[in-house]
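For reference, the structure discussed in these notes is given below.
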Amino acid sequence: MTDARDPDTPVGGDMATVVASAAVAGAEPILLTRARSQWWDVWDQFRSHKGAMAGAAIFLAIVGLVVFGPLFVDLESGIKSNMRSRNLGASLAHPLGTDRLGRDMFARMIAGGRVSLAVGLTAMALSLVLGTLIGVLAGYFKRLDGPLMRFTDLFLALPLLPLLLVMVLLFREPLTAAFGVETGIFILIVAAIGVTSWMQTARIVRGDVLALKEREFVLAARSIGTPSRRIVTRHVLPNVLSPIMVSATLGIATAIITESALSFLGLGFPPDFPTWGRLLNDGVPYLELYPGRAFWPGAAISLVVLSINYVGDGLRDALDPRIRGR
Amino acid sequence: EGHEGERGRDGEVSILYWQAPSTMNPFLSGGTKDVEAASLVVEPLARFDETGTIQPWLVDEIPTVENGGVSEDLMSITWKITPGLVWSDGTPFTSADVQFTYEYCTDPEGGCAQGAKFEPVESVETPDELTVVVNFKEPTPYPYTAFAGGESPILQKAQFENCKGAAASTCTEENFNPIGTGPFVVDEFKTNDVITLSANPNFRFEGKPAFAKVNFKGGGDAEAAGRAVMQTGEFDYAWNLQLAPEVIAQMETGGMGTTVVGFGPLVERIELNHTNPDPALGPDERSVIRPHPFLQDPAVYKALSLAIDRPLLVEIGYGQAGKVTCNLVPAPEAFNSSALECSEQDIEGAKKLLDDAGYVDSDGDGVREKDGVELRMLYQTSTNAVRQDFQQLIKEWWEEIGFAVELRNISGSVFFGGDAGSPDTIQKFYADVEMYANTFNGTDPQSYLGGPLCSKIPSPENQWQGENIPRFCMEEYDELWAELSRTAAPEERQRIAKELNDMYVSNGGQIPLVHRGRLSAHANSLGGVKLNVWDSELWNVADWYRIGE
Amino acid sequence: MLTFTIRRLLFAIPTLLFIALVIFLLLELAPGDPMANVPLTVPPEIKEQMRQALGLGEPVHIRFWKWIVQFFWVEPLNVFDYLFDTNFADGRLRIISWQNRAPVFITIAERIPQTLWVVGTAYLVAIAIAIPVGIYSAYRQYSAFDQVGTFVTMIGFSVPPFFSGVLVIIIFAVQLRWFPSIYDTRLVVDSWESFGMQVRQMFLPVMVLALQITSQLSRFMRASMLDNLNQDYVRTARAKGLREKTVVLVHVLRNSMIPVVTVIALGVPAIFGGAIITEQVFKVNGIGQLLITAIQANDLPMVQTLTFIFAVLIVLFNLIADVLYGILDPRIRYD
Amino acid sequence: MTRPLVEVRNLKMHFPVHAGILRRQVGAVKAVDGVSFDIVEGETLGLVGESGCGKSTCGRAVLRLYDITDGEIIVDGRAIGQESQMSLRTMRPTMQMVFQDPQASLNPRMTVGAIIGEPLSEHTRMSRAERIARVGELMDQVGLNRTFVNRYPHEFSGGQRQRIGIARALALNPKFIVCDEPIAALDVSIQAQVVNLLEELQGRLGLTYLFISHDLSMVRHIADRVAVMYLGKLVELAPRDALYDTPLHPYTEALLSAVPEPDPAKAGQKRDRIVLQGDVPSPANPPDGCNFSTRCPRVMEVCSRIDPEFREVQPGHWAACHLHDSIRPSGTTRRHTEATTMVEPNKESNP
Amino acid sequence: MPDGDTRNVLEVRGLRTVFETRRGEVHAVNSVSFEVKPGELLGVVGESGSGKSVTMMSLVGLLPSPPAEVREGKVLLDGEDLLQVTPARLRDIRGSDVGFIFQDPMTSLNPVFTVGFQIMEPVRRHMGLNKKQARARAIELLELVGIPGAAGRLSDYPHQFSGGMRQRVMIAIALACDPKVLIADEPTTALDVTIQAQILEIIEDLRSKLGMAIVWITHDLGVIAGIADRVAVMYGGQIVEHAEVFPLFNDPRHPYTRALLKTIPTVSGKRAAKLQVIEGQPPMLGAAPTACAFRDRCPLAFERCHAENPQRETVGPGHDVACFHPLAHTAKEGAA
């Protein structure tokens, strides 16, 4: 009886015969359940998407392996050559065998995964921040819309790979000088990917913000006198989270592929710096002799992208209220 | 070879160069790909055969002191052009063309890539239509540089007359379709893609070439090229398959083609930069400002060399196609110095050298330093699987003795492209050390040994053309080389050459790694291939034919 | 609709000019100078003259203007001359590549056919596969077909072409010897036999590319169909007693195609842009490969021109997509 | 007579229409085109009209959620017609709004407590605890269980959501609330709950409402005076009973006659109701003369030329129609003849 | 067997429709039975979510399956059980024997086809007319529903019509093949009262002209009162009361019906000082009902109401109620 019905609601005087007063709230079973945020519903729906769950599990497993892998495998064995154990097949000591310089492939895969995933995540984060910022500004402030959308068009019209290549060409040296090789190139690649991939997010976010701006709760906030910046942070941003999340998943995938494409074109990390793209690139000549060398990094890239795509798919479904149902 | 018949009887031959030629004018590009593609069309007066012996090509005999072709004072050489030679367009080939070629390449505005060949030449005279007299600035004991070998072929005066000097680079049509005396003429040239050629109807030999057409495809990578010849049989000839030995072996099991190996003077080496490549110095100064912060210290470069396990490099990188060498000039054998020894790796020795010289790791970061200068190096090379393995191994060895090494690889077409606009060419050398292979045409190393002269340093002033890529500069060396260039007696020449070799290597000009054979592949059905490491690989393409038809 | 089109066209002009400026400046920042090839022994006066001839040495805005003029006036004039055998363009300086000293448009024109052949075919094949697949998997959402289709398209998304490309070469060209591994750009299709050859050599790159494009398009088609399948008018159509085929293929499809057609139009510039990596893997020396080599060789005029051509195409096809949207959707058409 | 809390004079809200190649402004949607009315403190003014006639726009313009095109708005003695949005902030607590769609007007990502507390955190310096206390108080006031404070809007039913919206509007103790179709999205059986709540709050807190609705019967129930709007203009404004019993404008008449009676007997008699032909013209392109002239069953020649003035035809009873041109503003209560014949009010029809 | 007058053109018996959702089954329609005779208009009223639309769509298989499943029941259209026939036959019936009008005229028409095309579709499909004949028929239909300049508007697109006009087009489509039964699912809810009046007039008119049976769904009691012959009140997926229109309005026997009638204000008649309310919310439809759906809001509920689901029982001529304690005959007067 904790949630007995509203004491203050007037009860029609002469209708005492018709109107019940105590038993009513019981008709609302949903209200008796524990407070749940909408994310629980999303999670519920997400859980029912088998592909997405499998994808999430695989992705987390890979992330786990890559993050905690160094506890079990000596990463040095993937970096240092070992002439006594060249071109070994799979064995207990080397689960994925060794490469032509006797480096443990498993350790290399883990080391490569750390970089690839870090690049994927950071580049995605950067592109999301940029995309969201521009999308929200353009969508919410009518005056900024024109210029910002032209700006977005501009970036969309610039062909990306060349732009990326030019960026790498231009900034490689200054960044390397400023931050050291690995950090410098990491920053460069993350920035290059991030800066060239925010436009889709911006467009989606802008579209959503435009629609959101017309929603009554934004009007309600204005009628309260909430200033624009708080309307944006309090009412608009949380509500564009779902398209952003979907963009995020796809963004990781694209970033990982772009990084490997850059490595493939010889513009990514230095050759001795394993990333999945670089490993794949190195392994390709040996595809017939030692198929595993190209297969494992290729499979890792594909698997991550695949699982993330499935997660994105599931998220999209879960975040779509029409599908989520009521 | 008993293969005879009419010209063009064997249809088409397909040649695959995984570096795509961007021009057919070898004077405008230093790249082997361009020189060799051009060798199908334009020819020099004399070539070197597969044994390294000079052969008359557009002349009847090789001029020597004995036959009077070379003057006693070694100041001139007289070439007698074979009478009746015609260009592919039917016009006669005359001494004027030869003279024109000299003028073309020596025009200061033309930016000729083969300038070194004409360096000793004072003037070229044409007493008559078929006689060419080359006068040297000083006594030149080895006079077969100008107009000999694939890198200095003859251009047609009529065609290039208006393309001299500054205009050289705007003559697109001419540069893409030069008229030559060679077995083939260009039908179509697609930059960086494919060249279609057909047999030269005015070629001087009856019944040659056997092929009516050449499909010269460029681009891709060595691995795809090897595959296309040995595994799928799509191409007849693939050039310079620099691949790991096991990959080559695996490809050969495809059964469509065979590899051919030849050892010329090609040496895979690490060049040590004698100038300061610090990016802070600005793009054009950094490779001319001397000296390098530490690389000229004998302890440093000796240690670097000691730390390298060359036999292992040969084994994993080249297998059959490689030998350990410590020399700049490993071939011909008469010029191969035996004074230096380097086949033993000695990490401890290297460390000791550095310790003794005062390079110690005082701040504990694993990198030695002296006077505040850390032993940090950028090590660049072209993108190529074997080179990346070498980089990796060498980097480890060097790091073991206390260097910090950053690796960098650059696409081959840029690295070797010689494009003055690119910062990533071997000539610019914006790195501390770089690794590549180099060689010389012909059997005499004089001009090659002239590479390290102080005057050959590539710099903005000479638009980065010049062989002294390490910016090595040593008076004694220059003097000794001058002596070589005055000496005619063969034994004496060999002695001086070896001495130069030793002086250069032991003074830190470079660290030789592997004496490399050239490994190319041709289809089993392609006959007549004689791998020539002393000249263009395609030197005898006129004799190629199709087997078993 | 017409005013809309005109308006967009007018808007495209400043957009393009701005893009041109950005591309120009961006690439100007890159290191490299064509005059580096001229020895310093050349007297400064002559060198200056040469700079003038190339438009270098002048302030950036003048060079930019020259480039724009060359791009929009001289090059079209050359095309005109070529077509009608006139010589309006005589003596006007064209955009010259620094790499091989030839007019860039000649090289580009050389490369366009193979790119169009390969990438264009892949695009068409992808469209032909993606649309029915998208329709069917939306109609049978969560069916086995849909699940498998989803999986395959996800794979298509996930496997980078430099992996799948080499893989199919090993399998189909090396092991099975069904198709050549290297694209022959010289092949002229003038007979059935050569057509067969062309098909064979295009098969692998087209397959690799089409897999990717199909994946994206069919996902899009599916989503669009799903959107429309839930609409009220579908219920109306069913209530009219129409056959399922009519309901889906007439009513739903027509609506679903509106966004898909515009997406297809937006993808067209990519055909001209070439598929850089796929071209690289299969040695299809098309536009993509040209761009890559130009970038590697620091050939600014080539890179600037190619990049700008892509930008023009992208802007143009954006416009076409918008107009198509209007044409296909009567609600917009009559606005 | 009590002083009007809200005075609206000649309010105009035009949305520009851009067209052509240069996107010049080629016209305007005259959503509200010269509306004047007063609302006395403590009363409820009903605003009715067909969809698209500009009711919501009018309500929002009065609260200055739009930057109005023209006109004067005085709320609580302060002219807010031309003030900037920034300076209006101080005015916001006085005037609040309840929205049509209880689902859409609540941010789905905020808890009930946060939604109701938002105006408090915007306009007061209350501590967190004070705020929670006040939110609880407000929830009690609108009949929501306090324990629901941490739940999200989607966990509530439509009626409860509307209560949340009302609580938010009440948070700052406003004097004036615009209710924009607060019951339109609710089920019949729930509508009464909300309407009763609004009435009760009005009685308790002395609120003043502008009650926008297209449900004439509900307006009749709740409003003291009723304004009828057609195509951006007021056509009639009168005290409730006067308007329902003796409508002066043909549009009001038709509107009233079109409302179905939930009584079969009466419904049977209404077979001869006035059915207006055609649709409401576009506000971007209103007809010349009287806006209603295109659909008016009693259109006269003058109607398509001259826009009738909105005049006080009878005391407190305003109308804009040429049919009443002859009547002097304070003239005798001559009723509109047809009006009486068409509608037969107060007739008991129980069998 | 039945004679002309009493023959039911549509007879629904014990219809039960279930949605299988992730959160379990939703029993949206529970043992619903009703019938319509030719020329008769059956009004169905009920709150949102009471199962009105689902019932009607179950009749001719318009519900998406999955998740919907018609578990049991009979739907006899002129004696033919629509739940047993093949899908092809069902399609033949839809649009020809049974016409549908939906609530939202804005979205129910396909935006990319002309109105003419959409009207001609069922005509050509069911009546086998050629293009020209179909066109003539379409014009005839548009004129029938009172669209001026019908011939000229055939090539217009739906968005060029106003809401009321679109609803007329919907009606024209539904009437295209002279259906025996017309099912109108809240056809006027989205429209303004003045437009609603127009539509109502047209329907009245057509009914007398064409003589088909109509099932009219609405939640507006006023509309029902004006046009229906008989009324079924739905609550929680069931019909709780069913009667001729006069008895229902004047003598409602189910507590829900009566409360509903009391909660609505009118434009004429006495104005109550306070609206009467039905407290609480409509039920959520979940598992098959085991108790009276109205029990939680019913002031008269007693134990049995919570334990057992009442069945419809006749309380007067043609008047049946599903309640264990139907209100007395004079209930309405007593309450006043």
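Which chain is which? They are A, B, C, D and E, in the order written, and residues in each are numbered from 1.
Throughout what follows, a contact is a pair of C-beta atoms (placed from the backbone, for glycine too) under 8 Å apart; a residue touches a chain by one contact, two chains touch by 3 or more.
Please read these numbers as outputs of a predicted model, since none were measured by experiment.
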| item | value |
| --- | --- |
| Label of the chain whose CA centroid is most distant from the centroid of chain E | B |
| Higher-contact pair (C-beta pairs counted), A-D versus A-B | A-D |
| Distance from the mean Cα position of chain E to that of chain A, given in whole angstrom | 48 |
| Inter-centroid spacing, chain E versus chain D (mean Cα positions, whole Å) | 32 |
| Geometric centre distance via CA averages, chain C-chain A, whole Å | 27 |
| Computed distance of Cα centres, chain E from chain C, in Å | 54 |
| Junction residues of chain E - those touching two or more other chains | 259, 274-279, 281-282 |
| Contacts with 2+ other chains: residues of chain C | 31, 174, 280 |
| Chain B residues counted as touching two or more neighbouring chains | 411 |
| In the complex, chain A residues that touch chain C | 51, 150, 153-154, 156-159, 161-163, 165-166, 169-170, 253, 257, 260-261, 264-265, 277, 280-281, 284, 287-288, 294, 298, 301-303, 305-306, 309-310, 313, 322 |
| For the chain E and chain D complex, residues of the former touching the latter | 47-48, 162-165, 192-198, 200-201, 219-227, 245-246, 249-250, 259-261, 263-269, 271-272, 274-279, 281-282 |
| Partner chain A, residues of chain D touching it in the complex | 60, 63, 65, 88-89, 92-93, 96-97, 99-101, 104-110, 118-119, 122-123, 140-145, 147-148, 150-152, 154-157, 165, 168, 172, 193, 196-197, 200 |
| Contact set on chain A toward chain D in their complex | 2-10, 12, 25, 28, 30-31, 35-38, 41, 215-217, 219-227, 230, 234-235, 238-239, 241, 326 |
| Of all residues in chain D, those that touch chain E in their complex | 50-51, 157, 159, 187-193, 195-196, 199, 214, 216-218, 220-221, 244, 254-268, 270, 273, 275-277, 279-280, 343, 345-348, 350-351 |
